[in-house]
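Each structure below is given as structure tokens.
Across the two complexes that follow, chain A remains constant while its partner is chain B and subsequently chain C.
This part shows the complex of A and B:
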């Protein structure tokens, strides 16, 4: 049945509304980062303005640590993403191919762990991390971020690997392939889409995460969200232009990445949904 | 034999020195770690005016600043204080957290002061020192204060032919006269304060020498001062002197409204004068004047200015820190007269009376005399106690109900008294 013009217009209007609702705050942040400081909160708002890089210059001069923190964010995000993807691909493969009561129990445990609010484990962990001398290191954040995403990503990977015919592996076994060869030459290439989808979740989380970074870092491993929080908490008035410039720089890499891999993200979210 | 003995002796000495080297190095660490708000680092280490530079050079010790937002800073500090040992050597500590129970976690400073004293400690405003003294033992050295002043837009006052108010009654009338609509249709509000905090309302109550909770822990919300202040806000809200969204207005909005000329007068930290008059950020640069908050006419014979709120930061040394003597030496350097003036010129609120008398300070700060006047009579907005955060939440809840007209002012203030009294130290 063909869609009527009214229905079609209604759908488009709804989509436009959702796009504006979600995109407008981001657009305001990005545009404001190019406004002269006194025009950012002018009333009535100024829609036309001469763009300036003044806020970015001020960010470089007054908050050099922001760029070190961005570097830290990059290290932690990359580390956590790689670790999670490797671990969950292997775990997903096992859950997809092996059936046992112990495995079922461990799967249940993973779901339970996922349900634990991070703050519950975070504070008791502080003295332990301190004792292990892992405080203020990238390692502790990589381990924590990976830990909290192992359960979700394992299930995503299991759903993907479930869709790979077992016959392909059987053929590889007949050709003399071992487990690692099967993983490397059969599973990984076919599950790559799932790996990208799974990595996106942990990547976005790690890039934006605040609580763990706040508790376990001091100077060396401080990530960008902590600096943004400091900017908001200025006691002598927030420098909105500088804050918006920093927020734009913080937003940009993740936005580019998500746009580039969006089809895999959708695939990841719907993985296994058609299985009967 | 002698030669062999000498060789053995030399070898033993070399070995001993090698083994002792790390121990000697540990006497003076490579760095001292200071946990602070960024503003402390900024005012202490401004380029060309770094109050720590000479100390670092003389001692061969660097300083590592760990900066966090106010809430985060204290949360982190209290966690560090619970550990067997901490890497933090000096912490900046807000007066609202200065309760007696915390003193077990901090280094007592009387012995340090006796052995290696802070220069002319009596010059530091006594109210600030007293707040960090428990059972005659000093636990923190004041570094920065934020006192409340009255800010008004001189251009708007002149436009309306109004003289700057000198009493609270004049302020109320001025606020009404300064509420109008601009030619472009934008409304200007005569008066605006933060609608989500208690401190600026306490400022207003102080114009009648009122309070929320007195320093001896009496709830004073049903007293004349607080009742007048809340009634004034209620009237302002009803008459449109304050905007309809007042209950959602935070400090940042107050700043923006003053900078854009949408609010004509406010009561907030004196230091905000700088951002209100910053030509890069403010459309009203040069128009905002800062003076001490006027006192009500009936109290003119008691106070020259209203005893507005004074909040302050002190430098403390954690009891579990590893370099206490060195940390103390840095604290006393940062608290010297010269350092206090240097930091004040970098934008700090100085804690020494003598700093306000210096020509440099008077030249830099047009409101220096007014700020000093506030400091001489001002007091903390709330005495420290464990349930202070809960008590202030209750106050804000009832204040909003009264100002928005959901409750009569008297009922709301009575309710604060009933609900807060059980939370006070017994």
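This part shows the complex of A and C:
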């Protein structure tokens, strides 16, 4: 369609507004983390400044636990992502290939269970987790994060495996392959895209999650968002520079990841919400 | 024999997912129902009290306060997002320059944790230095007194939620819109339909299923609202800004009233199921009737 100059200008203005709304707040935090502390509180904000690592040095000195928490976050995120992808690829395969009333009923139950608000299950799980001595461990977070995503991800995997022609499997069966060989040599290589799409959601969630970490960890297994929340709530006033440095370290890796796998995020979101 | 072992293999493959869901979410949810009918705290044997916990909750003015706050915030957030996402999706579907880069930028807040979002917005509203507070002063509006005023605080909570979740609503509507055949618009243009007509008569009806799905999911997730409120206001001042999830947290983990907290928890489960009832019924029909 041809566009007049007014229409085009209007579109550009709208795009600029959208970019400011979505991008500017993030940009401010990342840039400010490299500003000398005095200039952070300057208004109007200084656009030109000589970047410094002063805030990062202060973060290392005053909040060494933040770096342990980043490590915790990494362990929990990796664990939850791997667990989710493995179990949902297995289940997604069965839901894609086998039709039975029992399976349909269990799939429906999965959708219903997905509706339960996470905070509700903390009530009965809190004493159980204590009793099992899983309190303040990475294990409990991995299990919780993975479980809240197996339903969505089974769906995503089913949607992707649905697109793999059954004939490929039939050929493998004639060659004498069993279920596990088919999975390993036919399904996994062809469903790799789906596995990436499915893993993005649980990965982003686990890296950023607050509620479960807040309730189930006390010292050892604390994740980065939790230390950040302590920095925000510090009684002696917020030190913006240090806070921005920590926020940037927590945010930047996952932001780069999201942009890198953008196409899979979109594919997964559509497969997960519209088809199921 | 072969069929038998395949069936066993299939059962083994589905089992981990089912076990996780049942043990971590399913049974605990039912246990919450049981707990809500008992009074219990750390180290005490539970005593059956019938619906007394529900009576306590329903008689508590703070519960109604939290319910009203949740209701207002959820509705504001969900519908502002929907309108914004619809407008953005329509704009993008009509063709825009820098499409890929723009989508990356729109997607960016999806990567941001609630904690970092709170940091960002707190800073932007910091009196005298923040970008937004500066902007507000420039236009001559009164300061957003979110630390002291209930509705100012809830406005900030809503803004923050919208900022975090707009990418989700946008992507669902945008990808649905990409599936609309171009010919529909072309033939409508030949028939002399203007842009508004095309939007109202073609885009919206075709998008309706996606709109409903986006709405339902956003309702369900917005209803869980916890971290934004907890980190910004802690429910204060004087419990003015509590929402259901922070109200539940306070009663469970501050007051150790697990019975009362469970009653709220079960009310939240029922609320969520009501919100998603139409969607669930649709899924039930599609999955179980078609199969029979």
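Some observations on this one:
Here, the second predicted complex is superposed on the first by the 255 of 276 C-alpha atoms of A that agree within 3 Å, B and C clash if a C-alpha of one lies under 4 Å from a C-alpha of the other, contacts with A are read in each partner's own complex, and residues count from 1 in each chain.
Everything that follows uses one rule, which is that contacts are C-beta pairs under 8 Å (C-beta built on N, C-alpha and C of every residue); 3 or more make two chains touch, one makes a residue touch a chain.
Please read all numbers here as calculations on a predicted model, not as lab measurements.
Overlaying the two complexes via chain A brings chain B and chain C into a clash.
Of the two partner chains placed around the shared chain by superposition, chain B is the only one that A:37 touches, whereas chain C remains out of contact.
By the touch criterion defined above, A:229 reaches both chain B and chain C.
Ranked by how many residues of chain A each touches, chain B and chain C are led by C. In the superposition on chain A, contact is made by A:218 with chain B only, not with chain C. When the two structures are aligned on the shared chain, A:154 is found in touch with chain C, with no touch to chain B. By the document's definition of touching, of the two partners only chain B reaches A:237; chain C does not. In the superposition on the C-alpha atoms of chain A, the part of chain A touched by chain B in one complex and by chain C in the other spans residues 41-44, 123, 126-127, 214-215, 229, 232-233, 238. Partner chain A is touched in their complex by these residues of chain B: 33, 37-39, 64, 66-72, 76, 79, 83, 87, 146, 184, 186, 252, 255-256, 259-260, 262, 271-272, 274-275, 279-283, 347.
Looking at the complex, you find that chain A touches chain C at residues 1, 11-12, 14-15, 18-19, 21-26, 28-29, 32, 40-45, 86-88, 90-91, 93-95, 98-99, 101, 103-113, 115-127, 143-144, 146-148, 150-151, 154, 178-180, 204, 207-211, 214-215, 225, 228-229, 232-233, 238, 240, 243-244, 247, 250-251, 254-255, 257-259, 262, 265-266, 269-270, 273-274, 276.
Interface residues of chain C facing chain A in the complex, by the touch rule stated above, are 6, 9-10, 13-14, 16-18, 20-21, 24-26, 28-29, 31-32, 35, 42, 88, 91, 94-98, 102-116, 118-124, 126, 128-131, 134, 163, 166-168, 171-172, 175-176, 209-210, 213-214, 217, 220, 223-224, 226-227, 230-231, 245, 248-249, 252-253, 258, 261-262, 265-266, 268-269, 272-273, 276, 280, 283-284, 287-288, 291-292.
Across the complex, chain B is touched by residues 36-38, 41-44, 123, 126-127, 130, 214-215, 218-219, 226, 229-230, 232-239 of chain A.
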